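Structure record follows, encoded as structure tokens.
When the chains are written out, they are named A, B and C in that same order, and each has its own residue count from 1.
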Amino acid sequence: MRRQPRGLVNTFVGYSILIFFALVFLYPFVIQLANSLKTEPDAAANPLSPVPGPVSFASFERIFEGTDFPLWLGNSLLVTLVLTAGRVFFDSLAGYALARLRFAGRRAIFAGVVAVIAVPGVVLLIPKFLVLNQLGIYDSYTALILPIIVDAAGVFIMKQFFESVPASMEEAARIDGAGVFRTYWSVVLPMARPALITLTILSFQGSWNEFPHTLVAVQNPDLFTLPRGLADLVSGSLGTGTQYPLKLGAALLATIPVAVIFVIFQRYFVRGATEGAEKG
Amino acid sequence: MRTRSESLAGWLFVAPVVLILGVFLLLPILMALWVSLTGWNGQGSPFRSGVPFVGADNYTSLFTEDGLPRQDFMTSIRNNVYYVLLVVPAQTALALGLALVVNQRMLKRKGFFRTAFYFPSVTSSVAISVVFLFVFANSGAVNALLGAVGIDGPVWFDDSRGLIHVLLGTVGVDNPPGALANHSVLGLTWWDWVSGPSVAMCAIIVLVVWTTSGTFMLMFLAALQAIPQQVEEASLIDGANRWQRLRFVTIPMIRPTMFLVLTLGLISTWQVFDQIYVMSQGNPAKTTLTPAFLSYRTAFKDFEYGRGAAISFVLFLIIVVMTLVQRWMLRERRS
Amino acid sequence: MPHRTVLAAFAAGALLASAACGSGFDDDSADTPQRSGPVSLQILIGSSGQAETTAVQEAAAKWASSSGNTATVTPAQDLTQQLGQAFAGDSPPDVFYVDAVRLADYASVGALEPYGDKISNPDDFYESLRTAFTYDGKLYCAPKDFSTLALVVNTDLWSKAGLTEADVPTTWDQLTSVSQKIKSSGTVPLALGDTRDRIGAFMVQAGGWITSADGKTATADSPENLQALQYVQGLLKNKYAQYPKALDAGWAGEAFGKGKAAMTIEGNWIKGALRADFPNVKYTVHPLPAGPKGQGTLSFTTCWGVAAKSKNKDAAVNFVEAMTTAEQQMTFAKAFGVMPSRQSAGAQFTQQYPDDKAFIDGAGYAQGPVNAPKMDSVLADFDTGLQGLANGDPKALLGRVQKNTESALGR
């Protein structure tokens, strides 16, 4: 009881800090939303105001009619869906094999996977361009998808997961005579639901936001995904002007899908972050 | 019987991963290694005869030859060093601070705050860069805030003045002392080396600290929650004050996480690319040029693919060395 | 044992990869086989805006329907980068814009088809433009159009500062004194692009330039250039001139259009941009103020490059032919404000656009871009120095440009 007054002060200070930082972390998004609904002079004059002077949907009209936004959106959806499905399937397959199946070379492959996680992505830009070129698939959907359809970190997460669950169920299934793939598909995967959801979400987020890879994989504007289109919209060619409401609106639309998924599946994101932490 | 089919299944299961990583990761690295030893100018395939083999020239041009390539490369290294020196401590301190506050037992609605702090981390780096371009625009939010307290904010993305130069300017050192301006190391004068990050780079630093702190906060939070309650209570009984508890109890308990956060921070700060591409393209006056962006620009804009690849490999080496040094230092201190 | 298996797997992967390379390993020294029959032409342009894109697309469609081919016009967001990746990918577009600055780079590595002798009446192009696209004695491509810089004045802000038509500066001293008046009326006097493509005009007015006339000697470190940069530095320090970013604009024309500056130094493309984005701005165009060595401006030009690796070279040259007729050039001039590269269209242009006299007259005393390979990174570095000119040391900057130019030209 003697700590009561100090406790109150502590609580107050604690909340003040939290609320201050919550504002710092969220207000830019408020600014983004508000300014995308402003007219350009209004945005320039009152950048901080969370309320648009007159609400104007002009920027969104221009996003859909004056830019290739619908095309980028379509490409992003296609690429993200294929990438997510591919990553979840291939990563869990490999993760399972590395965790459970005994075969020659298993250790070496796992060591390879861990090493790959440590390879920094940006130093691969020129190498990736070279190989895509040499294979003759540069500037195609294949180039956007195939090189990043497996993800070493995902393999790692799945391996860790499979090692953490008991093997008794699969053994029972195998004794019943089911083949390895049958066992995997109908016994193991259903058990792995939480890990699969985490992997799905991480893959979705990663593919949706992927930017540098698209820079060296394609140059045809018909193949641009949202981040690539957005980046080019911003670096804009002569005469297109600053157009902040338009750019902010486009960036906002590109953020929404991940934001929605984040709010719904929060705890899986958190698990992803902390599980990623264990890999170090 | 069992083992042979298991072995076959094992290989089948890992085959897609091995194949893709082999073809799109290992093979390209070898190809780039070759290209970094040639003077390939981007016409046709780099693997036909007739592409000039230049040995280590692309590498020496970055270190020993006086010229534009070395000057650009060293400028990018300088910029990135300042960037790392500011971002890594700032994001680590902010993440740890937030985690400590969120972890306070008497506070409610932690979930909301945790979400708020983490949210920027999951959004697209390109989209966020667009937002911060607006926030830091000349007539943007930051300058409006500064204006409200009577400060005339800088033109963030057009301001190439280094922070240390600005500070020296306030004490009257506007022009470089001759000793610093007339002597150069690796293509840059001492005065250029000690410039500090430019004002433009500071805006990018703020953005990056803001986006990454959330993830690291989650890592710290997980570590803090794993500290047994008895440990904390024991230190309370010992009469340790808040600072002593943090310094002698909490931080040693979360040392592995601390190491992880610092390492991940070091690795990712040397890779900064997306934000530079979207926000500044290395401008103003090359003060936001980083090795990653320089490598990209050298290859795809100047058609010096060999030198671009060479920069990539040097950067790769820097990152590997950073990780090893860090690992070694933490081991030293532990023993 | 396990290690060997892994190695084998990687080797197999590598083998597979190289087997799939096919075309990649082809030697490209032989002439590219040509397709016959109706072809589909890919055209990549570095557009100045929607107006230009639309105009070129319409012209291409017209050519396609009259010649029985198809033509796809793609505006590049970053032409240099996209072309670079396309050349390396062995799949370049058939026709593309080539900036005069880049000509030597592309020509020296054999990426361009030198078709200059196949185009009709090449002598009709202005001589300075032909020079800009000649490398090793060969005319590589047909000039598309050209532009020069002039002084653009916002008439409303001009009179607000109490100035009249007679006050339009014709010398550096006058530029300084009107700037002072405009600044005291509360307006930014001059929006000035922060690159050598604008500031370089002052160097020409002072009698200097980056290279000698034949492009073989570096002349950056000269008293004339120093005088020019010191003058511009003075403008910047006094806030008589400001760079676009300081005015929250992507380029000087945008700052001018928004009414943030009373004057700007831009090319004739500003007309189209102002008409499209800021139709209410009233402005007049004047020759740039003369420096110590008289009048000076810069000219810019782009040509229609044809890829050496194109499979449709005949159709491509035929396309360029159609794009560079005097009639078509006038259509482009109307659509996005460029000036025809053919002298035969010049008279018609002057007649139709008397307001553009300052731009056309500039052709008489304009300095063209540097025409030498490997200069791009040197010039980009110069731009970097100019971005920091307000607080920089012009003498050291020119010394750096001199040193870098010498080593680039020496190769």
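Here are a few things to note about the model shown:
Operating definition for what follows: a contact is a pair of C-beta atoms (placed from the backbone, for glycine too) under 8 Å apart; a residue touches a chain by one contact, two chains touch by 3 or more.
No experiment lies behind these values; they were computed from the predicted model shown.
Taking chain B out in thought, with all other chains where they are, everything left is connected by touch in one piece. Across the two interfaces under comparison, A-B and A-C, the one joined by more C-beta contacts turns out to be A-B. Across the assembly, the mean Cα position most removed from that of chain B is the one of C.
Computed centre separation for the pair chain B/chain C is 35 angstrom, with centres defined by C-alpha atoms. Mean C-alpha position of chain A lies 19 Å from that of chain B.
As a whole-number value, the distance joining the C-alpha centres of chain A and chain C reads 39 Å. Each of the following residues of chain A touches two or more other chains: 44, 104-106, 109, 112, 129, 131, 133-135, 216, 235, 242. Of all residues in chain B, those touching 2 or more other chains are 18, 23, 27, 45, 47, 137, 139, 300, 305, listed in ascending order.
In chain C, the residues that reach two or more other chains under the touch definition are 6, 9, 17, 21, 24, 81, 85, 88, 90, 248.
Considering their complex, residues 6, 9-10, 13-14, 16-17, 21, 24-29, 80-81, 84-85, 87-88, 90, 105, 109-111, 194, 243, 245-248, 376-378, 381, 384-385, 387-388, 391, 404, 407 of chain C touch chain B. Every residue of chain A that touches chain B in the complex is listed here, in rising order: 7, 10-11, 14-15, 17-18, 21-22, 24-26, 28-29, 31-32, 35, 43-48, 90-91, 93-94, 96-98, 101-106, 109, 112-113, 116, 118-131, 133-135, 146-150, 152, 155, 179-181, 184, 205, 208-209, 211-212, 215-216, 226-227, 230-231, 234-235, 242, 244, 247-248, 250-252, 254-255, 258-259, 262-263, 266, 269-270, 273-274, 277, 280.
Interface of chain B with chain C (complex): residues 18-19, 22-23, 26-27, 41-45, 47-50, 67-68, 71-72, 137-139, 155, 157-158, 160-161, 283-286, 300-303, 305. Across the interface of their complex, chain A is touched by residues 1-3, 5-6, 9, 17-18, 20-24, 46-49, 74-75, 77-78, 81-82, 85-86, 88-91, 248-251, 253-254, 269, 272-273, 276-277 of chain C. For chain B in complex with chain A, the touching residues are 3, 5-11, 13-14, 16-18, 20-21, 23-25, 27-29, 31-32, 35, 45-47, 98, 101-102, 104, 106-107, 112-135, 137, 139-141, 144-145, 210, 214-215, 218-219, 222, 257, 259-260, 263-264, 267, 270-271, 273-274, 277-278, 281, 292, 295-296, 299-300, 305, 308-309, 312-313, 315-316, 319, 323.
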